[in-house]
């Protein structure tokens, strides 16, 4: 896990985008007006970003009181409340959109990952993400994948070797490429080879690759590759996989299915903030749990 | 327009996410190996991010040579080349994923905006975005909307007043709310009122609102509202509008249709980088245009 | 309004300028020595920066106790105490100069704005600032203008169109310029045109400008322009206006008078910090209110 | 001297304040339109910020061509051109206000410092600034003081000891305070003592202070203090000194006169940007020097 | 490899530490004075930081001309010149200390790593670093280890699992700990177990650990452990290893020896900058190679 | 002294280096598991960094409870506990390495400085550091020197003049160089001259240098120089001084001995973190002091 200070800068950038030189609509509210607000789901899915939401409100106004109603990874239904906030109505409205933008995106990812995981339920296969993420959001997007039940592929170019056709051509052959990589990188780094054919799979095994990616192979080829590899390397299926085909892929015996769409084409999960009756929202009632 | 230095920090953050402590696969390539690469579309759509892509490569390695093949806003077909790069193969591979992540997302937005604009072609209506953007990406996402032919709604809480039910309740009525806002904000700021009924539309007109948003109204109510408003304010339709229904909405006579989905649920437009034959890629051939 | 985290970076930069590698004079004080200090005005004016001052002290030392004696916008007389501080004498002296530098500058602006507003008292005219601000201080300078009773013109090139002679020449005429701007910018953006003659005023009205700036016109021309415009646009007077002439300008019927001098040529309002008797400053006495 | 990269961040912050999400007026200009612009003085004074201005334009658009017409510290008269710019008219207008804001403020300081220096011409006295600077601008403000012919007092709490009444009280006496400071700080740090009376001056000499500040003394007391000190320490006059009284102070024999007003109450020196005829501004003419 | 922009921020921080508000000694030099300088070694060792040195000078002054005389990883002897610089003498002196501070530290690391690698020459063992690095310098310190011929252990807590006694206790046993880790982390992440006894080594093998660290074992135990493991995992020796004992450790058959001292207790390698005769340093002579 | 916020950025950078995208080993621990940990010395020396350690843990997790067992500057023996921590075991392990890296380095410096100070005990000589520090760590390294009983030389090029042979050559002589510097820099800045011969020492005295550095002189020359200078300037010995020779140098009568090795070649002082029995670590026991 990461520490919250690690996404604080992103929170402040996102807030800065929305607040700019200040909220010009809030002058309508008396400075001292307080409110009670609830953030709730409008769709079924997996929530992600509850603690981030709390931090955003706290960044705007340290005196806001926040109640987290459930943890990241929980299933929400239309109407499920995830966060309650009490305090300055100006502060709540300053945070509303930014909080929703984070939660809707991350919950969209978690829900998508969850659907993929459900599709292969019972099979010994992992669903992972890729490096096809949105600029500046990789750490949180990959967190959302884990929240949805998936796992993470490498985070970047630095924490795992992936050898593709270009690397292989440059090294003068697949085996040479793996050996060259092995001699250069540290002993904690795994080496994956992208294979487009069964003959490449054979070479990758011979070279001692840790992970073999079957790139855009059809179901039959995948099954054959799994047989060839025979547990001597982790087997990853990748490329053009869509919802609905995952189970068939999983049944070939691969260990990992990686999906770029989990992070590059996210459909937001809908949430909304409901501001209760401002006149009734007093600190006393909040503390008594009457709001 | 903004200046390129304004997104330089985002570029560096995105690269940092991918490069981390360095690309561990590139050791396979001799330090001096050069290559010629092309980035091309794999789907039909509107391209956005060509200049950003150039900047990313230049950030990694100032000695890369870049050819921009077309401008943002151009239509691409499968196979259309948008950028050519010549130089260190290590540098090209370090930038590949980050460049594609930017271009695929922004082109996804531009293409979506373009489809919406085409749907209402010939009608005097504008398609705009909302504040439902992804954290840290608002300026570029809204740029992509313009590239696709749409226009921008307010950028944040600071450059336009939007009065919703909460504001109205707090102020003791819609007219009071508009008046309060008018007296507080500068003379360059427009005031929009979110209306859920025709009676609210009437009040908003009486209050002198600059823009009236028809929130989740059906086609009939919209048409009626347009008649009531009768050019005395800009009319915006918003809420739950999906592709296919835009033309009907536009035909009611509204001036603006705002779509959150343009930025909160983006489907990436597919692009790929093709690294040519490393052995043939010499500076001489690049300069002669033979690659 | 903005949120305090938005000026935290500026506070830290300003403190860094003064503290550098550390206060070399404070070694004189025992590390545990505490003091009680008061910040008070030495001139009559409008105070601005009280909460910022509190934040600066808290940034240096989270254990300092602070009492805000009045709110931004209050009138101060020589001797009026605005902040009381109790805690480490080293911490108080580390913050002294930076706090005073902020408060003196912002109060200078608020006081100047207030004088301008008083000069036109009773007339339906607004005093606003311009973009002639000091580097890095725009948000706070414009806040100080509001604190002093003024209002804000656009904050930058991004939140309002201003068409000057160059734009008009480039577009082939004033009317064409306004139309071009109208078709390009979002529906929430107002368009202002700078007019140097009555014929330009007529054109601007014909073009449908939202705001018309009368640039460096004399009183007679202004009055005439107001008559021509006849409420069809907001009228702004600008250029070379000095204290003493504001009322005459206001009486011409313009809606807005914008003053660059509010922010580009500020005279600091004098404040000072008084450190009470160190020997008497105990936490107990502070809590009892005896200091 | 400092290096230009040290103020690059301030330039970008200042530009960001003005550009925000982009200049909405510039759409009027064709993207390829070029112009030739001149920045010239509208008042007599000392210019400061020419190279900073060049950097600002280059930050916006690296392809702008810039001609610096004179160096910082030069005298300008109404009409004196200090910078010429050729290139994209959009880029020039994006930088105009920010460049002027820097140059007007810094030139205001340099001109004020220059006036003070002229007032004491021929006397062996230095004019210096204080720590009463504007947040975030200290390094540049103090540079402008040097450009105007003044010199710099300490830059902050870190590069010189200043012992005031509070320090003296805490240490149990002036002599003890100086000795305590001497034993704590490095051998490269000078120690200054603020004296309000001649008896304190005597003590400061006895304690071996490097610099003695005569705080708010009248002319007679200053002269007497200078006699007492008799070259055994540097003598600084400070406090409430206004233009017109400087020569009398200087004639008392003090070595240094420090003026807070040089930086805390700056009157901008007026400059303007003139955009030539857009139609005539071609690169060819620029290169031939015909613009 | 990383890209140079990734250490640019560190360069600017280091320069800022030294330059602060500007070099006060350089006023002695006329602004236009140029010089020719050489940076040369004063000790035998492996150089690291040549390109970083070039970037530092370029950051200060883009017009400095730099000649890199050899690459990182080269052996230097007393007197070997590594960098030549021509240009403003002020700029050269502003960069001198910062460049030397980087190069001396990194070359110290590279030289130390090189000595360790030489000690085990001919044996199939790798020398690696640890996470015992200096704050803010990890990426460059680990680069210097590679330059010296060593390799990198994991870069942080994020790119490799290391299970110690605490993890094992918490999981209820070594095997359980490895299994728990395996099920949680991505398929690209290796799992290392710290073993203090041969029975733990047996367990680690049973659990399928990828890497087994022999923590503070004596030579005999190491040899025995290597026999037990029998190529089923990578074997790492760690803890209290000093120069002189490395060969004996290597001869036990371990695969990796990790050394914290490579980065936590670095002895600088001595370099110096020599400024040639200022009067003779002309651009013409530089270009002709006569300096 | 500096304020803690001034090293917060360095703490976050150092943590970011180690945490990256998150600790992958900690998944072994239940999220709610708490522990009690102690950081203790493994060597005799002077501790430095206790408060920094506390801040690092608080940055990761604001709910960790910390007990500082002694202050910076205290002597530690093997086993001396300096910090106790109670709270989330995940958070403690996330901070462990970074805290140790800071404390080990700073305590190494403090211990080295302390040894040097002890070597000259009883003599009126100061031990100081130089500008030979590690990139990004200067402020803290120089703090550690003070903690060890040393003092600081200038912090950079900005807070003291140092004239070397190059400056002297450029100015046309030593006396001219000092005079030129005196006329340029502020009255709070001291001027030091590096002398390599007794004739230069004589010149430096004639020129009125504040500090004279005897560069690489032998003991006899130093003693002679001290006699020549005769208290008219501070005398600093520098260059190639090693432990064991300091007392002899100090006995020559110099005022200051500056040592680059204090900061450029630091040997870490060994500390370790011990995690107690996780099962016994409850909040109740912590509060009762039973852990």
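So that you can tell them apart, the chains are marked A, B, C, D, E and F in the order they are listed, and the count of residues begins at 1 in each.
Assume contacts are C-beta pairs under 8 Å (C-beta built on N, C-alpha and C of every residue); 3 or more make two chains touch, one makes a residue touch a chain.
All of these numbers come straight from a predicted model, not from anything done at the bench.
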Pair with more cross-chain C-beta pairs in contact, given A-E and B-D: A-E
Fitting chain D to chain E on CA atoms, where both chains share a sequence, rotation angle to nearest 5 degrees: 120
Whole-Å gap separating chain B and chain C, where each centre is the average of the chain's CA atoms: 34
Rounded Å distance between chain A and chain C, as computed from the means of their C-alpha atoms: 43
Geometric centre distance via CA averages, chain B-chain A, whole Å: 22
Multi-chain contact residues (two or more partners), chain A: 19-23, 26-27, 94, 138-139, 155, 158-160, 185, 189
Of chain F, residues touching chain A in the complex: 12, 15-16, 19-23, 26-27, 59-61, 90-91, 94
Chain F partner contacts - residues on chain D that touch it in the complex: 126, 128, 151-155, 158-160, 185-190, 192, 211, 234, 236, 255-256
Chain E contact footprint on chain F (complex, rising order): 10-11, 13-14, 17-30, 33, 35, 89, 93-94, 97-98, 100-102, 104-105, 108, 131-139, 155-163, 166-167, 169-171, 177, 180-181, 184-185, 189, 264-268, 275, 277-278
List of chain E residues in touch with chain B within their complex: 1-3, 5-6, 138-139, 142-143, 155
